[in-house]
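Mind having a look at this structure? Questions to follow.
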Amino acid sequence: MQVLYFAWMRERIGHATEQVDPGEAATARELIELLKPRSEGHALAFENLKSVRCAVDQEMGDLDMPIAGAREVAFFPPMTGG
Amino acid sequence: MQVLYFAWMRERIGHATEQVDPGEAATARELIELLKPRSEGHALAFENLKSVRCAVDQEMGDLDMPIAGAREVAFFPPMTGG
Amino acid sequence: MEAPGSTPGQTWKVSVQAEDFDIADEQARLTAGRHDVGAVVAFTGLVREIAEGRSDQVMELEHWPGVTERELEKIVVEAEARWPLSGVRVIHRHGPLSPGERIVLVLAASRHRQAAFEAAAFMMDYLKTRAPFWKKEAGPEGAQWVDTRDSDDTAAARWER
Amino acid sequence: MEAPGSTPGQTWKVSVQAEDFDIADEQARLTAGRHDVGAVVAFTGLVREIAEGRSDQVMELEHWPGVTERELEKIVVEAEARWPLSGVRVIHRHGPLSPGERIVLVLAASRHRQAAFEAAAFMMDYLKTRAPFWKKEAGPEGAQWVDTRDSDDTAAARWER
(Lines give C-alpha, C1' and ligand atoms only; values in the text may rest on other atoms or scores of the structure.)
Protein backbone atom coordinates (compact mmCIF):
# COMPACT_ATOMS: atom_id res chain seq x y z
CA MET A 1 0.00 0.00 0.00
CA GLN A 2 1.21 3.48 -0.90
CA VAL A 3 1.16 6.02 1.93
CA LEU A 4 1.28 9.77 1.13
CA TYR A 5 2.18 12.69 3.36
CA PHE A 6 1.59 16.41 2.83
CA ALA A 7 2.74 19.73 4.30
CA TRP A 8 4.39 19.55 7.75
CA MET A 9 3.67 15.82 8.02
CA ARG A 10 5.80 15.28 4.91
CA GLU A 11 8.50 17.53 6.33
CA ARG A 12 8.60 15.74 9.69
CA ILE A 13 8.65 12.29 8.11
CA GLY A 14 11.20 13.33 5.52
CA HIS A 15 9.55 11.97 2.40
CA ALA A 16 6.27 12.36 0.50
CA THR A 17 5.47 8.69 -0.10
CA GLU A 18 6.36 5.29 1.22
CA GLN A 19 5.39 1.70 0.57
CA VAL A 20 3.74 0.08 3.62
CA ASP A 21 2.38 -3.38 4.37
CA PRO A 22 -0.82 -2.63 6.35
CA GLY A 23 -0.80 -6.12 7.93
CA GLU A 24 -3.85 -6.44 10.18
CA ALA A 25 -4.61 -2.71 10.23
CA ALA A 26 -8.29 -2.25 9.33
CA THR A 27 -8.60 1.52 9.64
CA ALA A 28 -6.43 4.58 9.03
CA ARG A 29 -6.11 4.94 12.81
CA GLU A 30 -4.74 1.38 13.12
CA LEU A 31 -2.38 2.05 10.23
CA ILE A 32 -1.01 5.05 12.13
CA GLU A 33 -0.04 2.74 15.02
CA LEU A 34 2.05 0.73 12.54
CA LEU A 35 3.64 3.87 11.11
CA LYS A 36 4.54 5.69 14.33
CA PRO A 37 7.46 3.41 15.35
CA ARG A 38 9.10 3.74 11.93
CA SER A 39 11.13 6.83 12.90
CA GLU A 40 11.25 9.79 15.24
CA GLY A 41 9.83 11.84 12.39
CA HIS A 42 6.84 9.52 12.06
CA ALA A 43 6.24 9.64 15.83
CA LEU A 44 6.37 13.46 15.71
CA ALA A 45 4.09 13.70 12.67
CA PHE A 46 1.45 11.52 14.36
CA GLU A 47 1.94 13.08 17.81
CA ASN A 48 -1.42 14.85 17.89
CA LEU A 49 -4.09 13.01 15.92
CA LYS A 50 -6.50 15.95 16.23
CA SER A 51 -4.32 17.65 13.61
CA VAL A 52 -4.25 14.66 11.25
CA ARG A 53 -6.68 14.23 8.36
CA CYS A 54 -6.72 11.34 5.91
CA ALA A 55 -7.95 10.16 2.52
CA VAL A 56 -8.33 6.55 1.42
CA ASP A 57 -7.89 6.07 -2.32
CA GLN A 58 -8.20 9.85 -2.66
CA GLU A 59 -11.55 9.94 -0.84
CA MET A 60 -11.57 12.25 2.19
CA GLY A 61 -12.64 10.59 5.43
CA ASP A 62 -11.91 10.37 9.15
CA LEU A 63 -9.30 8.21 10.84
CA ASP A 64 -11.79 5.40 11.42
CA MET A 65 -12.30 4.96 7.68
CA PRO A 66 -11.66 1.33 6.63
CA ILE A 67 -8.53 0.80 4.56
CA ALA A 68 -9.14 -2.81 3.47
CA GLY A 69 -8.14 -3.24 -0.18
CA ALA A 70 -6.99 0.39 -0.49
CA ARG A 71 -4.12 1.11 -2.84
CA GLU A 72 -3.35 4.48 -1.32
CA VAL A 73 -3.78 6.18 2.05
CA ALA A 74 -2.87 9.85 2.48
CA PHE A 75 -2.22 11.73 5.72
CA PHE A 76 -2.16 15.51 5.99
CA PRO A 77 -2.84 18.41 8.37
CA PRO A 78 -6.12 20.38 8.27
CA MET A 79 -6.37 22.28 5.02
CA THR A 80 -5.57 25.97 4.86
CA GLY A 81 -6.43 27.00 1.31
CA GLY A 82 -8.54 29.90 0.13
CA MET B 1 -43.07 75.12 -1.56
CA GLN B 2 -41.58 73.14 -4.41
CA VAL B 3 -43.14 69.70 -5.03
CA LEU B 4 -41.20 67.08 -7.03
CA TYR B 5 -42.46 63.94 -8.76
CA PHE B 6 -40.52 60.95 -10.11
CA ALA B 7 -41.08 57.93 -12.37
CA TRP B 8 -44.74 57.05 -13.01
CA MET B 9 -45.97 59.71 -10.60
CA ARG B 10 -44.26 62.33 -12.77
CA GLU B 11 -45.75 60.75 -15.91
CA ARG B 12 -49.29 60.65 -14.50
CA ILE B 13 -49.13 64.21 -13.23
CA GLY B 14 -47.50 65.48 -16.42
CA HIS B 15 -44.66 67.49 -14.93
CA ALA B 16 -41.67 66.95 -12.67
CA THR B 17 -42.10 69.95 -10.37
CA GLU B 18 -44.74 72.38 -9.30
CA GLN B 19 -45.05 75.30 -6.90
CA VAL B 20 -47.61 74.62 -4.14
CA ASP B 21 -48.91 76.61 -1.20
CA PRO B 22 -49.17 74.00 1.59
CA GLY B 23 -51.71 76.08 3.52
CA GLU B 24 -52.64 74.26 6.72
CA ALA B 25 -51.10 70.94 5.64
CA ALA B 26 -48.78 69.77 8.43
CA THR B 27 -47.63 66.44 6.99
CA ALA B 28 -46.89 64.96 3.55
CA ARG B 29 -50.14 63.00 3.84
CA GLU B 30 -52.13 66.20 4.38
CA LEU B 31 -50.31 67.83 1.49
CA ILE B 32 -51.43 64.95 -0.75
CA GLU B 33 -55.07 65.80 0.06
CA LEU B 34 -54.40 69.31 -1.28
CA LEU B 35 -52.70 67.95 -4.41
CA LYS B 36 -55.21 65.27 -5.41
CA PRO B 37 -57.95 67.64 -6.66
CA ARG B 38 -55.51 69.53 -8.90
CA SER B 39 -56.06 67.24 -11.90
CA GLU B 40 -57.11 63.77 -12.94
CA GLY B 41 -53.42 62.95 -13.23
CA HIS B 42 -52.82 64.01 -9.62
CA ALA B 43 -55.77 61.92 -8.44
CA LEU B 44 -54.43 58.92 -10.36
CA ALA B 45 -50.86 59.37 -9.10
CA PHE B 46 -52.05 59.47 -5.48
CA GLU B 47 -54.70 56.75 -5.98
CA ASN B 48 -52.89 54.14 -3.90
CA LEU B 49 -50.82 55.64 -1.10
CA LYS B 50 -49.18 52.29 -0.35
CA SER B 51 -47.18 52.89 -3.51
CA VAL B 52 -46.18 56.44 -2.63
CA ARG B 53 -42.92 57.34 -0.89
CA CYS B 54 -41.78 60.83 0.04
CA ALA B 55 -38.82 62.97 1.00
CA VAL B 56 -38.94 66.32 2.81
CA ASP B 57 -36.03 68.60 1.94
CA GLN B 58 -34.34 65.57 0.38
CA GLU B 59 -34.61 63.52 3.57
CA MET B 60 -36.45 60.21 3.08
CA GLY B 61 -39.40 59.63 5.38
CA ASP B 62 -42.94 58.35 5.60
CA LEU B 63 -46.12 60.18 4.68
CA ASP B 64 -46.62 61.36 8.25
CA MET B 65 -43.39 63.30 8.19
CA PRO B 66 -43.95 66.97 9.15
CA ILE B 67 -43.54 69.43 6.29
CA ALA B 68 -43.58 72.66 8.31
CA GLY B 69 -40.99 75.07 6.95
CA ALA B 70 -39.91 72.67 4.19
CA ARG B 71 -38.71 74.17 0.91
CA GLU B 72 -39.16 70.96 -1.05
CA VAL B 73 -41.33 67.84 -0.83
CA ALA B 74 -40.77 64.96 -3.25
CA PHE B 75 -43.17 62.13 -4.09
CA PHE B 76 -42.12 58.93 -5.84
CA PRO B 77 -42.93 55.23 -6.16
CA PRO B 78 -40.95 52.57 -4.26
CA MET B 79 -37.39 52.46 -5.55
CA THR B 80 -36.30 49.82 -8.02
CA GLY B 81 -32.56 50.34 -8.44
CA GLY B 82 -29.76 47.82 -8.22
CA MET C 1 -30.10 64.47 10.30
CA GLU C 2 -27.06 65.52 8.38
CA ALA C 3 -25.97 63.20 5.60
CA PRO C 4 -22.92 61.43 7.03
CA GLY C 5 -21.80 60.51 3.53
CA SER C 6 -21.24 64.13 2.61
CA THR C 7 -17.99 64.19 4.63
CA PRO C 8 -15.24 65.57 2.40
CA GLY C 9 -13.15 62.83 0.83
CA GLN C 10 -15.95 60.28 0.93
CA THR C 11 -17.36 61.07 -2.46
CA TRP C 12 -14.95 58.98 -4.54
CA LYS C 13 -16.46 55.83 -3.02
CA VAL C 14 -19.74 56.42 -4.82
CA SER C 15 -20.40 57.13 -8.50
CA VAL C 16 -23.65 57.52 -10.39
CA GLN C 17 -22.77 57.53 -14.07
CA ALA C 18 -23.98 56.66 -17.55
CA GLU C 19 -20.66 54.99 -18.47
CA ASP C 20 -19.82 51.34 -17.97
CA PHE C 21 -17.21 50.29 -15.39
CA ASP C 22 -14.38 47.75 -15.28
CA ILE C 23 -14.57 45.51 -12.27
CA ALA C 24 -10.87 44.54 -12.38
CA ASP C 25 -9.76 48.20 -12.51
CA GLU C 26 -12.07 49.15 -9.66
CA GLN C 27 -10.89 46.25 -7.56
CA ALA C 28 -7.22 47.02 -8.28
CA ARG C 29 -7.76 50.64 -7.22
CA LEU C 30 -9.32 49.48 -3.93
CA THR C 31 -6.41 47.24 -2.97
CA ALA C 32 -3.49 49.09 -4.61
CA GLY C 33 -0.40 49.16 -2.40
CA ARG C 34 -2.18 47.43 0.47
CA HIS C 35 -1.07 44.18 2.04
CA ASP C 36 -3.71 43.97 4.76
CA VAL C 37 -6.66 43.07 2.52
CA GLY C 38 -7.48 39.36 2.52
CA ALA C 39 -10.87 39.38 0.85
CA VAL C 40 -12.73 41.39 -1.78
CA VAL C 41 -16.35 40.71 -2.64
CA ALA C 42 -17.58 42.25 -5.89
CA PHE C 43 -21.27 42.24 -6.68
CA THR C 44 -22.26 43.06 -10.25
CA GLY C 45 -25.89 43.57 -11.23
CA LEU C 46 -26.82 43.04 -14.89
CA VAL C 47 -29.92 43.86 -16.97
CA ARG C 48 -31.94 40.70 -17.54
CA GLU C 49 -34.33 40.38 -20.45
CA ILE C 50 -37.92 40.24 -19.23
CA ALA C 51 -38.81 37.13 -21.18
CA GLU C 52 -36.62 34.74 -23.14
CA GLY C 53 -35.59 36.09 -26.50
CA ARG C 54 -36.83 39.59 -25.62
CA SER C 55 -33.46 41.25 -25.93
CA ASP C 56 -35.06 44.09 -27.93
CA GLN C 57 -36.14 45.52 -24.58
CA VAL C 58 -34.30 48.51 -23.25
CA MET C 59 -34.13 49.44 -19.60
CA GLU C 60 -34.32 53.14 -18.74
CA LEU C 61 -33.01 54.08 -15.32
CA GLU C 62 -34.31 57.31 -13.83
CA HIS C 63 -32.71 58.73 -10.71
CA TRP C 64 -32.67 61.82 -8.50
CA PRO C 65 -29.32 63.52 -9.17
CA GLY C 66 -27.54 64.63 -6.03
CA VAL C 67 -29.87 62.82 -3.68
CA THR C 68 -28.99 59.43 -5.17
CA GLU C 69 -25.28 59.97 -4.52
CA ARG C 70 -26.00 61.09 -0.96
CA GLU C 71 -28.20 58.08 -0.22
CA LEU C 72 -25.52 55.75 -1.60
CA GLU C 73 -22.90 57.49 0.56
CA LYS C 74 -25.09 56.97 3.63
CA ILE C 75 -25.22 53.27 2.83
CA VAL C 76 -21.43 53.15 2.51
CA VAL C 77 -20.98 54.96 5.83
CA GLU C 78 -23.43 52.56 7.49
CA ALA C 79 -21.55 49.53 6.09
CA GLU C 80 -18.23 50.94 7.31
CA ALA C 81 -19.72 51.42 10.78
CA ARG C 82 -20.95 47.83 10.91
CA TRP C 83 -17.98 45.92 9.47
CA PRO C 84 -14.20 46.41 9.60
CA LEU C 85 -13.71 47.31 5.94
CA SER C 86 -10.49 48.34 4.25
CA GLY C 87 -12.28 49.65 1.17
CA VAL C 88 -15.72 50.16 -0.37
CA ARG C 89 -16.88 51.21 -3.82
CA VAL C 90 -20.37 51.66 -5.25
CA ILE C 91 -21.05 52.46 -8.92
CA HIS C 92 -24.61 52.71 -10.24
CA ARG C 93 -25.37 53.48 -13.85
CA HIS C 94 -28.33 55.46 -15.16
CA GLY C 95 -29.84 56.07 -18.58
CA PRO C 96 -30.78 53.47 -21.18
CA LEU C 97 -29.31 49.97 -20.72
CA SER C 98 -29.79 46.83 -22.80
CA PRO C 99 -30.08 43.22 -21.58
CA GLY C 100 -26.67 41.86 -20.58
CA GLU C 101 -25.31 45.29 -19.64
CA ARG C 102 -23.92 46.02 -16.18
CA ILE C 103 -26.10 48.23 -13.93
CA VAL C 104 -24.42 48.26 -10.56
CA LEU C 105 -21.14 47.37 -8.86
CA VAL C 106 -20.66 47.02 -5.12
CA LEU C 107 -17.17 46.21 -3.83
CA ALA C 108 -16.28 45.46 -0.21
CA ALA C 109 -12.71 44.73 0.89
CA SER C 110 -11.70 43.47 4.32
CA ARG C 111 -9.10 41.40 6.16
CA HIS C 112 -11.47 38.46 6.37
CA ARG C 113 -14.07 37.13 4.01
CA GLN C 114 -17.14 37.19 6.23
CA ALA C 115 -17.06 40.96 6.69
CA ALA C 116 -16.60 41.47 2.95
CA PHE C 117 -19.49 39.13 2.06
CA GLU C 118 -21.86 40.61 4.62
CA ALA C 119 -21.03 44.22 3.83
CA ALA C 120 -21.54 43.68 0.08
CA ALA C 121 -24.89 41.91 0.62
CA PHE C 122 -25.97 44.63 3.05
CA MET C 123 -25.11 47.46 0.65
CA MET C 124 -27.03 45.79 -2.19
CA ASP C 125 -30.07 45.17 0.01
CA TYR C 126 -30.12 48.76 1.24
CA LEU C 127 -29.41 50.19 -2.20
CA LYS C 128 -32.41 48.33 -3.66
CA THR C 129 -34.86 49.92 -1.24
CA ARG C 130 -33.18 53.25 -0.37
CA ALA C 131 -31.41 54.68 -3.39
CA PRO C 132 -33.77 56.76 -5.57
CA PHE C 133 -33.63 54.80 -8.83
CA TRP C 134 -36.63 53.75 -10.89
CA LYS C 135 -36.49 51.27 -13.74
CA LYS C 136 -38.66 51.44 -16.82
CA GLU C 137 -38.64 48.66 -19.38
CA ALA C 138 -39.35 49.68 -22.96
CA GLY C 139 -40.03 47.27 -25.80
CA PRO C 140 -41.82 47.40 -29.18
CA GLU C 141 -45.23 47.17 -27.44
CA GLY C 142 -44.64 50.07 -25.10
CA ALA C 143 -42.98 50.86 -21.83
CA GLN C 144 -43.74 50.00 -18.23
CA TRP C 145 -42.30 50.84 -14.85
CA VAL C 146 -40.76 47.92 -13.00
CA ASP C 147 -42.58 46.84 -9.84
CA THR C 148 -40.86 46.50 -6.49
CA ARG C 149 -40.20 42.98 -5.38
CA ASP C 150 -41.47 42.18 -1.88
CA SER C 151 -38.34 40.08 -1.43
CA ASP C 152 -36.28 43.28 -1.64
CA ASP C 153 -38.06 44.70 1.39
CA THR C 154 -37.58 41.42 3.23
CA ALA C 155 -33.89 41.38 2.32
CA ALA C 156 -33.40 44.93 3.58
CA ALA C 157 -35.37 44.25 6.76
CA ARG C 158 -32.95 41.54 7.93
CA TRP C 159 -30.31 44.22 8.57
CA GLU C 160 -32.56 46.39 10.75
CA ARG C 161 -31.54 46.73 14.37
CA MET D 1 -18.76 7.53 -4.06
CA GLU D 2 -17.86 8.69 -7.51
CA ALA D 3 -16.68 12.25 -7.78
CA PRO D 4 -19.67 14.05 -9.30
CA GLY D 5 -17.40 16.81 -10.51
CA SER D 6 -15.61 14.48 -12.89
CA THR D 7 -18.53 14.62 -15.35
CA PRO D 8 -17.12 15.48 -18.77
CA GLY D 9 -17.49 19.16 -19.55
CA GLN D 10 -17.39 20.18 -15.92
CA THR D 11 -13.66 20.62 -15.70
CA TRP D 12 -13.46 24.09 -17.20
CA LYS D 13 -15.28 25.44 -14.14
CA VAL D 14 -12.31 24.70 -11.92
CA SER D 15 -8.63 25.63 -12.39
CA VAL D 16 -5.66 25.11 -10.11
CA GLN D 17 -2.81 27.11 -11.56
CA ALA D 18 0.35 29.03 -10.78
CA GLU D 19 -0.66 31.94 -13.04
CA ASP D 20 -2.65 34.98 -11.97
CA PHE D 21 -6.20 35.52 -13.25
CA ASP D 22 -8.22 38.49 -14.47
CA ILE D 23 -11.51 38.87 -12.68
CA ALA D 24 -13.13 40.95 -15.45
CA ASP D 25 -12.19 38.38 -18.14
CA GLU D 26 -13.46 35.50 -16.05
CA GLN D 27 -16.70 37.28 -15.30
CA ALA D 28 -17.20 38.22 -18.96
CA ARG D 29 -16.69 34.60 -20.00
CA LEU D 30 -19.31 33.48 -17.48
CA THR D 31 -22.00 35.84 -18.74
CA ALA D 32 -21.06 36.08 -22.44
CA GLY D 33 -24.10 36.03 -24.73
CA ARG D 34 -26.49 35.51 -21.83
CA HIS D 35 -29.36 37.80 -20.96
CA ASP D 36 -30.79 35.80 -18.07
CA VAL D 37 -28.06 36.58 -15.54
CA GLY D 38 -29.01 39.33 -13.09
CA ALA D 39 -26.29 38.94 -10.48
CA VAL D 40 -22.65 37.93 -10.33
CA VAL D 41 -20.78 37.65 -7.05
CA ALA D 42 -16.99 37.50 -7.33
CA PHE D 43 -14.94 36.62 -4.30
CA THR D 44 -11.20 37.30 -4.52
CA GLY D 45 -8.81 36.10 -1.82
CA LEU D 46 -5.50 37.92 -1.46
CA VAL D 47 -2.27 37.18 0.41
CA ARG D 48 -2.06 39.34 3.54
CA GLU D 49 1.22 40.13 5.20
CA ILE D 50 1.47 38.44 8.59
CA ALA D 51 2.42 41.61 10.44
CA GLU D 52 2.47 45.21 9.30
CA GLY D 53 5.47 46.02 7.16
CA ARG D 54 6.37 42.35 6.76
CA SER D 55 5.90 42.28 3.01
CA ASP D 56 9.20 40.37 2.67
CA GLN D 57 7.20 37.27 3.57
CA VAL D 58 6.39 34.83 0.81
CA MET D 59 3.48 32.43 0.93
CA GLU D 60 4.06 28.96 -0.48
CA LEU D 61 0.94 27.02 -1.39
CA GLU D 62 1.24 23.25 -1.51
CA HIS D 63 -1.58 21.17 -2.95
CA TRP D 64 -2.45 17.64 -4.03
CA PRO D 65 -2.54 17.70 -7.84
CA GLY D 66 -5.56 15.90 -9.30
CA VAL D 67 -7.33 15.52 -5.98
CA THR D 68 -7.51 19.28 -5.43
CA GLU D 69 -9.29 19.79 -8.74
CA ARG D 70 -11.71 16.97 -7.98
CA GLU D 71 -12.54 18.31 -4.52
CA LEU D 72 -13.16 21.76 -5.99
CA GLU D 73 -15.40 20.24 -8.64
CA LYS D 74 -17.41 18.47 -5.94
CA ILE D 75 -17.91 21.83 -4.23
CA VAL D 76 -19.11 23.35 -7.51
CA VAL D 77 -21.54 20.48 -8.11
CA GLU D 78 -22.86 20.83 -4.57
CA ALA D 79 -23.38 24.59 -5.03
CA GLU D 80 -25.20 23.99 -8.32
CA ALA D 81 -27.47 21.48 -6.61
CA ARG D 82 -28.35 23.92 -3.82
CA TRP D 83 -28.86 27.15 -5.78
CA PRO D 84 -30.21 27.99 -9.26
CA LEU D 85 -26.93 29.14 -10.78
CA SER D 86 -26.32 30.17 -14.36
CA GLY D 87 -22.55 29.93 -14.01
CA VAL D 88 -19.79 29.07 -11.59
CA ARG D 89 -16.00 29.47 -11.73
CA VAL D 90 -13.30 28.57 -9.21
CA ILE D 91 -9.61 29.40 -9.70
CA HIS D 92 -7.06 28.62 -7.01
CA ARG D 93 -3.39 29.43 -7.40
CA HIS D 94 -0.47 27.40 -6.03
CA GLY D 95 3.24 28.01 -5.69
CA PRO D 96 4.96 31.02 -4.15
CA LEU D 97 2.82 34.15 -3.68
CA SER D 98 3.73 37.52 -2.19
CA PRO D 99 1.57 39.80 0.00
CA GLY D 100 -1.02 41.60 -2.12
CA GLU D 101 -1.19 38.83 -4.73
CA ARG D 102 -4.45 37.09 -5.60
CA ILE D 103 -4.82 33.49 -4.32
CA VAL D 104 -8.36 32.46 -5.14
CA LEU D 105 -11.35 33.51 -7.23
CA VAL D 106 -14.88 32.21 -6.75
CA LEU D 107 -17.58 33.43 -9.14
CA ALA D 108 -21.29 32.65 -8.87
CA ALA D 109 -23.83 33.93 -11.40
CA SER D 110 -27.59 33.69 -11.02
CA ARG D 111 -30.84 35.41 -11.95
CA HIS D 112 -31.15 36.92 -8.49
CA ARG D 113 -28.57 38.22 -6.07
CA GLN D 114 -29.34 36.09 -3.03
CA ALA D 115 -28.48 32.81 -4.77
CA ALA D 116 -25.25 34.32 -6.12
CA PHE D 117 -24.20 35.67 -2.72
CA GLU D 118 -25.02 32.45 -0.87
CA ALA D 119 -23.41 30.15 -3.42
CA ALA D 120 -20.18 32.17 -3.45
CA ALA D 121 -19.98 32.23 0.36
CA PHE D 122 -20.76 28.51 0.49
CA MET D 123 -18.04 27.63 -2.03
CA MET D 124 -15.45 29.67 -0.14
CA ASP D 125 -16.41 28.11 3.19
CA TYR D 126 -16.23 24.57 1.80
CA LEU D 127 -13.05 25.27 -0.14
CA LYS D 128 -11.29 26.45 3.04
CA THR D 129 -11.93 23.18 4.86
CA ARG D 130 -12.17 20.63 2.02
CA ALA D 131 -9.74 21.49 -0.76
CA PRO D 132 -6.28 20.02 -0.13
CA PHE D 133 -4.17 23.17 0.05
CA TRP D 134 -1.62 23.97 2.73
CA LYS D 135 -0.07 27.39 3.23
CA LYS D 136 3.46 27.95 4.43
CA GLU D 137 4.73 31.43 5.23
CA ALA D 138 8.41 32.03 4.67
CA GLY D 139 10.30 35.11 5.84
CA PRO D 140 13.91 35.98 6.69
CA GLU D 141 13.64 34.19 10.07
CA GLY D 142 12.39 30.93 8.63
CA ALA D 143 9.19 29.31 7.47
CA GLN D 144 6.09 28.07 9.22
CA TRP D 145 2.93 26.30 8.22
CA VAL D 146 -0.24 28.32 8.62
CA ASP D 147 -2.65 27.11 11.29
CA THR D 148 -6.29 26.40 10.61
CA ARG D 149 -8.70 28.97 11.90
CA ASP D 150 -11.52 27.55 14.03
CA SER D 151 -13.79 30.13 12.43
CA ASP D 152 -13.30 28.32 9.10
CA ASP D 153 -14.78 25.13 10.55
CA THR D 154 -17.65 27.13 12.04
CA ALA D 155 -18.25 28.83 8.70
CA ALA D 156 -18.33 25.51 6.84
CA ALA D 157 -20.58 23.92 9.47
CA ARG D 158 -23.41 26.40 8.89
CA TRP D 159 -24.04 24.81 5.48
CA GLU D 160 -24.36 21.24 6.83
CA ARG D 161 -27.76 19.62 6.48
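First chain written, first letter: the chains are A, B, C and D, and each begins at residue 1.
Heads up, the rule we're going with is that a contact is a pair of C-beta atoms (placed from the backbone, for glycine too) under 8 Å apart; a residue touches a chain by one contact, two chains touch by 3 or more.
Small disclaimer: the values here were computed from a predicted structure and weren't measured.
J.: Using only Cα atoms to place each chain's centre, name the chain farthest from chain D.
T.: B
J.: In whole angstrom, what separates the CA-based centres of chain C and chain D?
T.: 24
J.: Report the inter-chain centroid distance for chain A and chain C in whole angstrom, where each centroid is the mean of the CA atoms.
T.: 49
J.: Among the residues of chain A, pick out those that touch two or more other chains and give their numbers.
T.: Correct list: 82.
J.: Going by the touch rule set out above, which residues of chain D reach two or more other chains?
T.: 45, 113, 124
J.: Looking at the whole structure, which two-chain pairs count as touching?
T.: A-D, B-C, C-D
J.: For a test of understanding, state which residues of chain D touch chain C in their complex under the given definition.
T.: 22-25, 27, 31, 33-49, 52, 55, 99-100, 111-114, 116-117, 120-121, 124, 151, 155
J.: Using the touch definition up top, name the residues of chain B that touch chain C in the complex.
T.: Listed in rising order, the residues are 6-8, 55, 58-60, 74, 76-82.
J.: Give every residue of chain D touching chain A within the complex, in rising order.
T.: So the residues of chain D in touch with chain A come to 1, 45, 61-64, 66-67, 70-71, 92, 103-104, 124, 127-136, 145-148, 152.
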